[in-house]
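So, here's a batch of structures to check.
First chain A sits with chain B, and in the next complex the same chain sits with chain C.
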Partner chain A sequence: MENMLVLEGLTKTYGDFYAAKNVTLNLKEGEFLTLLGPSGSGKTTTLKMVAGLEIPTSGGIFVHGEDITYLPPDKRGLGMVFQNYALFPHMTIKENIMFPLKIKKDGKRKQEMENLAMEYLRLVQLEHVAERKPSQLSGGQQQRIALARALVYSPPIVLMDEPLGALDKKLRGDMQLEIKRIQKKLHITTIYVTHDQEEALTMSDRIAIMNKGEIAMMGTPDEIYEKPNSVFVADFIGESNLIPVSRAASENGALVLRMKTKKASTFVHRPGGGPVTEFADDTRFVIRPEKMFVDRQLGERKKLTGKMIDVIYLGESVKYIILVDGEVQLKIKQQAIGGTRIFKEGEEVEIGWPDDAGQVLN
Partner chain B sequence: MQKAFHKHPWISPLLMTLPIFILLAVFYFWPMFQMIPLSFQIDGSYSLGNYAKILAEPTYLKSIGLTILIGLGAVVITFVMGYPVAYLMATGKPATRKTLTILIMLSFWTSLMVRTYSWMVVLQKNGILNSALLKLHLTDEALTLLYTPFAILVGTVHILLPYMVLPINSTLQGIDKNLAWAARSMGANRFTAFWKIIFPLSIPGVSAGVLLVFVQSLGFYVTPMLLGGGKTMVAATFIDKQMNTLANWGLGSAFGVLLTLVAVIFLFVYLKVFGTKSLKQGLF
Partner chain C sequence: MKNHAKNMKERSVLLYIWCAVVMLFLMLPILIIVPMSFGGAEYLEFPPSSLSLRWYTAMVDGDWMTGLLNSIKIAAGTVVISVGLGTLAAIGIKNPKMRFGGVINIICLLPMMLPVVIIAVAMYLVYGSWKITGTFPAIILAHSCIAVPMVITMMTSGLSNVDMRLYDAARSLGASHMQANIKVVLPLVRPALFNSILFAFVTSFDESVISLFITDRTTATLPRMIFNSLRFEISPVISAISTLLIAVTVLIFAANTFLEGTKKRIS
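After this line comes the complex of A and B, so read on.
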């Protein structure tokens, strides 16, 4: 399929500071791509450059192969949804949604515009508020109106800048599903910016994780979660144990890793075809808490021993904090099935995981 | 009252505003209301004579007309000159905003007398403006600028300009910048985004500025006296002459009452059109 949007080496500097550095990505028609990263990682800057609210220092932006890098925002024809909704307070909801249609002046009659506005109000299930002013709506309703307004003129691409950032957690969950439903139904090509990893995993076809202005990793949600390409990504997405290690030995495709502790415990790891890493000073063995198990006696399956220092009950799961080699704290998460063994704090326990679980990353 | 004391354990809001009400009542409303009976007095007896005199005498009416005209002129000119300044102050680069704010505040804080006398220096027969016009051959002989309604208007505009700029600036600053960007992203060019979104939202500031400039200009005294000389009389200088030079307190008071009436009518119409909410938004 043809690429709808191409960003090529997009860079924005303020003096010596790189707000965005060499951002390159392609977006296919109907794709939902999320720019995910901590604040100051360059995700909003990138989105603003696509929208035309910031001028890039270098690089290019292409829609359907046409260079739009230096076009003013009103000549790009993209849709944009803002975090604080940006509804026009002096207009009614219907007037807000009709605004882009009136500006376009493509010969539509007023009646046609009104019908179209009402159609999109139905789409976001808010027909009954057409005559109200924005201030009379709740945050969630306002954001749905903002969405309808950004869609009503059928822009080829819709940009969303943390659209759910101002809503509470429960409402955010509902709105994620709502946006996803509409996006799928209308097959809208979307760039979505968020710092909420759960939101990114739920909604996206692909995620670009940004760090210090650069794309740290690009992939589908499960690629990003299961096979992070760096310690940063592993740490940013979900929970990870990051154990500083060095190579002790390697034998028939298996590595023996040595923890960088005084006691220097070792364990075996079989790289499962993931990126094989050069060992450096900051190399870590990275493993998700839910991939590990803990018991008093594990026999063959034991990899490390440690001291239980905390047991946290989380509802559907239990989290254990275990101190290994007297220095490194590991988190282990297990399903809280009825009759889960209760460990005492201070108790000696054994920890294990499948040989091919986890990754060695820099 | 009992409830109010529970909510505000120390003192009720009503009680807190009492001192200012007392101050206003004693030093403002009391002397002002004394003006009303005075305005009906001619040689110790009460009649409508003073008002009849004013309404029958074209020079008196002209003076009121001129006052209103200068007020309206000041409103229009301060708006046309002040809006772009306020807009730049609210949206420009930090350095621009700082410079403009300093310039406006400097003018605001400079003594009214100093500013008025400066205009006398500029506008007089052999002043800066006239010598410049002569040098550029735009005029053959020095123009009479000082002691004309034009001079009064110029001075009034200068002195009242900050009262237009500041409320507009404060409303503009309160407008979410993303609104303009949202309009732009939907295809509106710079001008349309301003005209359809930013300007309508800045109306409370404009209306507050209009009110402040117009009502203040009605009572302007020092500036018209110095720049208008004895020749061009506005309401305030007329009242002063009646009371202090001619000792005609009755006629002066009647004039004062009429002037106050103009201000009250204007305020009434203003509130009908814009409402109190708009005034609050623009001023605070």
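After this line comes the complex of A and C, so read on.
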């Protein structure tokens, strides 16, 4: 399929500071792409450049192959949803939604515009508030109106800048599903900005993780979670154990890794087909807590031994904090099916995981 | 508890009395003018010994109406120029992408910090060499000069209360720079715009120092005529004119307050 939106080496500098650095990505029609990153990582700057609210220092933006890099925002025809809703307080809800239609002046009659506005109000299930002012609506309702307003003129691409950032957790969950439903129904190409990883994993077709103005990794939610390409990504998405290691030996495709501790325990790792990382000073062995298991005796499956220092009950799962080699704390998460295993604090335990779980990353 | 409530009540009564005294102090000189204008004597007296409307008749018959008309023309012109320029300047100053907004703001406010007499002398010299002294456009420009800083102050503070992301939203929805400002930003600063118009008008209408320097017989404003007539005699006509001005001012501000009040109740 042809690329709908292409960003090519998009860069924005303020003096010596790179707000966005060489951002390159493609978006296919109907795709939902999330820019995910900590605050100050350049995700909003990138979105604003696509919207035309910031002018890039270098690089290009293309919609259907047409260069729109320096076009003013009103000539781009993209839809944008803001974090603070940005509804016009002096207009009713219906007038807000009709605003882009009235501005466009494409010969639509007033009645036609009103019908269209009502149609989109139905889409976000808020027909009954048409005559109210924005201040009379709750945050969640206002954001749905903002969404309807950004969609009513059928823009080819919709940009959303942390649209759920101001809502409470429960409402966010509902709105995520709502936005996703509408996005799928209308087949809208979307760029979504958030710092909430759970939101990104739930909603996106693809995620671009941003760090210090650059894209650190781009991939589907499971690629990002299962095969992070760097310590930053592994640490940012979900929970990870990051164990400083060096290479002790390699034998028949398996590596023996040595922990950088005084005791220098070693364990075997079998890279699962991925690229083998060059070892450096800050190389880590990265493994998710839920991939590991713990018991008093593991026999063959044992990789490391440690001391249990905390057991945290989380409802659906249990988290164990274990001190290995007297220096490195590891987290292990296990399903709490059939009650929790009873470990005493200070008890010696054995830790294991499948040979090919985890990754060596820089 | 009861004692406390009683104390509070006593205190609020005292506060009311204090406020009344302050108001009286501020308003009395103005209010005294009104009964004096209805006096029948040849000179100003308070309280008036007899009542008549003769000074109002004298006001309508004399040149005073020309002066009033001149004042209104000049004030209206000042409103158009100063509110137009001041509003545009405020939008520019408040634009986050504007680099020297703060500096430009201070430069625009300079006329407010200069004594009016200095501006008046400067205008007199410059207009003299340009040979435009005494013309309506010249006086309107001079008055705009002192009204613009006021408009800028009021409009920038009005714009500070407007979320500029609404402007961005309007642009992203297809509105041009002008459309976004006219359809979204300006309606949201309507109270400030209204006040700007009012204060620009009153500033010009009230202005006497500059007018003394640069108006001539045909363009003399009301304050200048009052000033001139005071030099020779203290005629009760002036108290009639003053009463008229007070009435007009009170009406305008009352209408403004009333309109704002109903607007708030509606929204």
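Quick notes on this one:
As a convention for this text, the second predicted complex is superposed on the first by the 361 of 362 C-alpha atoms of A that agree within 3 Å, B and C clash if a C-alpha of one lies under 4 Å from a C-alpha of the other, contacts with A are read in each partner's own complex, and residues count from 1 in each chain.
By definition in this document, contacts are C-beta pairs under 8 Å (C-beta built on N, C-alpha and C of every residue); 3 or more make two chains touch, one makes a residue touch a chain.
As the structure is a prediction and not an experimental result, all values here were calculated from the model.
When both complexes are overlaid on chain A, chain B and chain C end up clashing with each other. Of the two partner chains, neither chain B nor chain C is touched by A:F279.
Looking at the shared chain after the overlay, A:K133 reaches chain C, while chain B stays out of its contact range.
Residue contacts after overlaying the shared chain place A:Y313 against neither chain B nor chain C. In the superposition on chain A, contact of A:F99 is made with both chain B and chain C. Touch criterion met: A:N84 reaches chain B and chain C at once. Of the two partner chains placed around the shared chain by superposition, chain B and chain C are both touched by A:P72.
Within chain A, the residues touching chain B in one complex and chain C in the other are 51-53, 72-74, 76-80, 82, 84, 86, 88-90, 99-100, 103-104, 149-150, 153, 159.
Those residues of chain A lying in contact with chain B across their complex are 51-53, 72-74, 76-80, 82, 84, 86, 88-90, 99-100, 103-104, 149-150, 153, 159.
Residues 176, 178-179, 181-189, 192-193, 196-197, 200-201 of chain B are the ones that touch chain A when the two sit in their complex.
Residues of chain C that touch chain A in their complex: 163, 165-166, 168-177, 179-180, 183-184, 187-188, 267. Chain contact summary for the complex, chain A toward chain C: residues 51-53, 72-74, 76-80, 82, 84, 86, 88-90, 99-100, 103-104, 133, 135, 149-150, 153, 159.
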